[in-house]
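Let me begin by presenting the structure, written as structure tokens, before commenting on it.
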Amino acid sequence: MKLRIGVIGTGAIGKEHINRITNKLAGGEIVAVTDVNQEAAQQVVTDYSLNAKVYPDDDSLISAENVDAVLVTSWGPAHESSVLKAIKANKFVFCEKPLATTAEGCMRIVNEEIKADKRLVQVGFMRRYDSGYVQLKEAIDNRVIGEPLMIHCAHRNPVVGDNYTTDMAVVDTLVHEIDALHWLINDDYESVQVIYPKKSKNALPHLRDPQIVIIETKGGVVINAEIYVNCKYGYDIQCEIVGEDGIVKLPEPSSISLRKDGKFSTDILMDWQRRFVDAYDVEIQDFIDSIQQKGEVSGPTAWDGYIAAVTTDACVKAQESGQKEPVALQEKPEFYQTFTTVEK
Amino acid sequence: MKLRIGVIGTGAIGKEHINRITNKLAGGEIVAVTDVNQEAAQQVVTDYSLNAKVYPDDDSLISAENVDAVLVTSWGPAHESSVLKAIKANKFVFCEKPLATTAEGCMRIVNEEIKADKRLVQVGFMRRYDSGYVQLKEAIDNRVIGEPLMIHCAHRNPVVGDNYTTDMAVVDTLVHEIDALHWLINDDYESVQVIYPKKSKNALPHLRDPQIVIIETKGGVVINAEIYVNCKYGYDIQCEIVGEDGIVKLPEPSSISLRKDGKFSTDILMDWQRRFVDAYDVEIQDFIDSIQQKGEVSGPTAWDGYIAAVTTDACVKAQESGQKEPVALQEKPEFYQTFTTVEK
Amino acid sequence: MKLRIGVIGTGAIGKEHINRITNKLAGGEIVAVTDVNQEAAQQVVTDYSLNAKVYPDDDSLISAENVDAVLVTSWGPAHESSVLKAIKANKFVFCEKPLATTAEGCMRIVNEEIKADKRLVQVGFMRRYDSGYVQLKEAIDNRVIGEPLMIHCAHRNPVVGDNYTTDMAVVDTLVHEIDALHWLINDDYESVQVIYPKKSKNALPHLRDPQIVIIETKGGVVINAEIYVNCKYGYDIQCEIVGEDGIVKLPEPSSISLRKDGKFSTDILMDWQRRFVDAYDVEIQDFIDSIQQKGEVSGPTAWDGYIAAVTTDACVKAQESGQKEPVALQEKPEFYQTFTTVEK
Amino acid sequence: MKLRIGVIGTGAIGKEHINRITNKLAGGEIVAVTDVNQEAAQQVVTDYSLNAKVYPDDDSLISAENVDAVLVTSWGPAHESSVLKAIKANKFVFCEKPLATTAEGCMRIVNEEIKADKRLVQVGFMRRYDSGYVQLKEAIDNRVIGEPLMIHCAHRNPVVGDNYTTDMAVVDTLVHEIDALHWLINDDYESVQVIYPKKSKNALPHLRDPQIVIIETKGGVVINAEIYVNCKYGYDIQCEIVGEDGIVKLPEPSSISLRKDGKFSTDILMDWQRRFVDAYDVEIQDFIDSIQQKGEVSGPTAWDGYIAAVTTDACVKAQESGQKEPVALQEKPEFYQTFTTVEK
């Protein structure tokens, strides 16, 4: 019996997940879609030859009896409401980041899920499913490098659009590191600081680019994260964890090597989607399989969504103040104590 | 509508493909299984919760009306017969290597498929679906390195069992290079020669290990292929194509790097199955998708199976003679002229 | 005619340079030595079969008529006095770091050299002569990566002795980066900040280790420098410069690769002396050749020694204050404007 | 006291060694030069400001009382005669390859040196002094990879001149591998075979390029050596030794890495002289030091020169015959039994 999935929001990422579930993964089928643009939703049904009903809104889709689980792939400000409805309807829900646009919104979801007393919510932080990050996590958990002390990481895009603003560097870009890093080292964030290097000539006038974010954890780990979204040369994700007794580092994406014209080279990806395409597949397959096999989701929790919101809030404040800003997390609820890592 | 698949042979590789189709890939379902050991076949149905009927033999499975396509994963000597029956029944068939145990057997399949006038047969050479090989193929086809002149490759296993014999080094091991290399460079083999280096102390008394096979193509490319199946250190596949203007080389499998104890290291796989696990997935998904979307299979053809058989025969002869032996291929039938590469 | 050299201080580094000049390099000869331990000085003459006179002190050595140039390899607090005497005697002088133990002391040397109106003083910052740093410098100067924006670097030692204190992390260790980085990017330092990550269990109780130093330049480049002197795994120097249009990175020291026991590895040096042994040779040969060929020294200037002193002072202050501290450099004298880089 | 050196042949390589000894190395001085072109010899004395006498011929130079050692850097056909004269005069002699143009010529030198009963002759095979080869040798001698079984190597030049002929691929190019490989594995050659791949469009009409040489040793090691002297992309030396338990491989020359324009790259040298420049320095310094310290040369012996001659002869024969040809070495004289490796 397949997991019957409804999709709220049939834009780019919604279509990708629909395609993935329909044509690449096992165990799920799209039975319902909705979008603020009803025609677009209908078009998706046609384009992907779905055997799915188009619903007028998220309420009706969520309450449909044949919908076991929903994907929330609408625009950010609509996420919280849909997720809360899904929890109340006791439906499993996969929500793309952000879980909610405010920390308070995330907390409302957290509390609703605790009330439901069941892991229903998975947040779309796909890095935890990337083969390289999984290897890093295993190495750290197996204490291959001893206690982590420092993390050096970088998030580089070749270029961003006109509508990309300075705060998006942390809210939309660094947020992936923010989720992945506390998971990697099983730690919580204490404070953040933002330093602006000389601005790149490649950046538009309104944008501070690059940025360096210094994050300190409660355990004393110091993270320095470079964000450079107009680096031109490629989409490049770097992550290196320095432990007491050794260092582990994320691999470069696999690529054939070339000797030609006096250069020994490999290609760097220009496109972020290709970098994590496998991770997206594993992530959604895990969503389907966990529900089917355990009756609960696994992966990043609503609490992880809350952590991301509080931490990005602190980063935005630090962008403005130039000071070290605290990351004021509430105490972690008992309910989430055991859901810290991806199941292996 | 899913592709309804029957599986002939429910041993290790059969179970893997059943699991793959059932739990990892989209578009296919196992509806029929058979095995010389009927209990084993029944057990597989139970273990994987299949909604599949157990048939007493390949004839009955192939002729079942609800079977659209068959996977032949029985032992080698049984392949030819099952494949011929499938073609005669106008069913699509994916056959693990070898297509047949003799060149004549492969030719009978080739002729049967030509008679059917439809691409029904795909042979299980999964390397063509490996990301690294696909990149090599693209680079060569795009003439990034000019005309290929030489290939240096190696196929190394950490260890082999007692039943592994000297001829298996070419028939079971090198056969993957034999298929992949002529596909990579769009060329045909002309002759083969086998040289035995000093025998490794790691090899059992009855086995010549390592071996070096020199293959020359009709186009003049010289391939030197090292086979070393008791190398201890890992499962390691190397392939480097030297062209007129540059060199392309297969990447190492993606792995985190570690700095520890005076060493900068990455892990080498010890297990061949992990090396090509993604390629197997892509291969079977391609089998399903090609049938569903084009009404024909793509990927390695029966003719490719014939090439592998003739070439490994020549290698075995060269192992014994110590001489350069011709690879006596018949002329390529018109029918196969256009089916040379994986569709992109 | 060889350059006749006197050596002040015949400890470890003094002996190395004596050996280098006598047995590895061309154009120089040791004609005079002195040490506070006269017996040690005499022993060196014997051990290296030098045709050299032992002097009672630096004054007498410097004023010896047959001494063309002096190497100051005594302990740090004695450097300033010997260098000043050498300048006054119009002798060329190569001084190991620190040029002087205070910024004021460095400035006295600067002023004395300006008064002499001749480049007499070279400071022993050997990284500028390391092949990797030279390549980085060329790439940056040739604008291969556009304007530098950020530098990520690390200075790691396997272990340090009991007498290594927290301030030595900047004064003795980071000082090499401090000299090399402003030279690499042709910029001056503006401020420094020190962050202490969780302390490593490998560090002795009295020592803060690791440390992260954030340096901002007048031009807006942000440097984050990791110092970890009990990292156990090796002596490891990393340096990566992120420019507007690309990134250049220091190579790993050249080492054969090994595939064995499931690992693909290269060796990491455990010993700092082997890391820069070639750079030391090139450095001293350049000292000899510049004098012989141009009648002036080249390489790091007294002003560079002053920069190092002021910057390490600011770092020590930042270690204590936890705040961002200014690097209060005086204006660069006209005299040093043209002596910014190693001659190629 | 410096080693007083006379140079026979002041062409390109002669000038390089003169410059090296005069301006880069310690312990030697050029006191005598000769050349068939006396003006050229005189010009070199002027250009390098040598305190050296120009002799009319090799006889007079060799017999000069103040000449302790000679470098033979004349053209190949003149080597044998000068070396024989030097031995008879009991002078140390460093001879660039070839030691003699025939195996018989080499044997005459061998016999003369045995008669002198003193190691007087060093042949200019500089690879043994290259850091990478030295590391390979250490790893093999320390049995890091167990018994060597196979060697894969390549010698690639970007381009060669019009006068480069097919036999030069072995006589002038592969000869360096021929010397280095038997030294690396402490073995002797048994047979050689040459295979011609498709000819590169980059090669001139008269030249077979690339070539593959298969060499088998008495111990059963199989070497496959690629020679491609018009590969365009760079000067590239590859060497990988496959042992029973692991593989060691020569490193790429040290180079900064660059991320730019979608490529992660390092530079490949275009110029062979830069590849082994350090090895040349170490080689000549070792020649000087060994004489000064031990009263004998070390490094490649006259017997090694003989091995190179016999092996390249067999290769040329194999180029013509297309067959496997024996490497018919005489028995190694007792005298050379102990001079197999570079002293460490």
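Here the chain labels run A, B, C and D in written order, and each chain numbers its own residues starting at 1.
Going forward, a residue touches a chain if its C-beta (ideal position, glycine included) is under 8 Å from a C-beta of that chain, and two chains touch if they have at least 3 such contacts.
Owing to the predicted nature of the structure, the values given are computational and were not obtained by experimental measurement.
J.: Pick from A-D, B-C or C-D: which interface has over half of its contact pairs in common with A-B?
T.: Checking each pair in A-D, B-C or C-D, only one repeats A-B, namely C-D.
J.: Measuring between mean CA coordinates, which chain is farthest from subunit C?
T.: So the farthest one, by centre of C-alpha atoms, is B.
J.: Averaging only over C-alpha atoms, locate the centres of subunit A and subunit D and give their separation in whole Å.
T.: Going by mean C-alpha positions, subunit A sits 58 Å from subunit D.
J.: Could you please state the distance in Å, as a whole number, between where the Cα atoms of subunit B are centred and where those of subunit D are centred?
T.: Roughly 45 Å separates the two chain centres.
J.: Could you grab the centroid distance between subunit C and subunit D? Build each centroid from C-alpha atoms only and quote it in angstrom.
T.: 37
J.: Which parts of subunit A, given as residue numbers and ranges, touch two or more other chains?
T.: Only 232-233, 245-247, 252, 259-261, 266 qualify.
J.: Touching subunit C in the complex: which residues of subunit A?
T.: On the subunit A side, the touching residues are 146-147, 149-150, 152, 154, 195-202, 210, 212, 214, 216, 219-222, 224, 226, 228, 231-233, 242, 244-247.
J.: Given the complex with subunit D, which residues does subunit C contribute to the contact?
T.: 21-27, 131-132, 135-136, 139, 144-145, 245-261, 266, 278, 285, 289
J.: In their complex, what parts of subunit C are in touch with subunit B?
T.: 232-234, 236, 252, 259-268, 270
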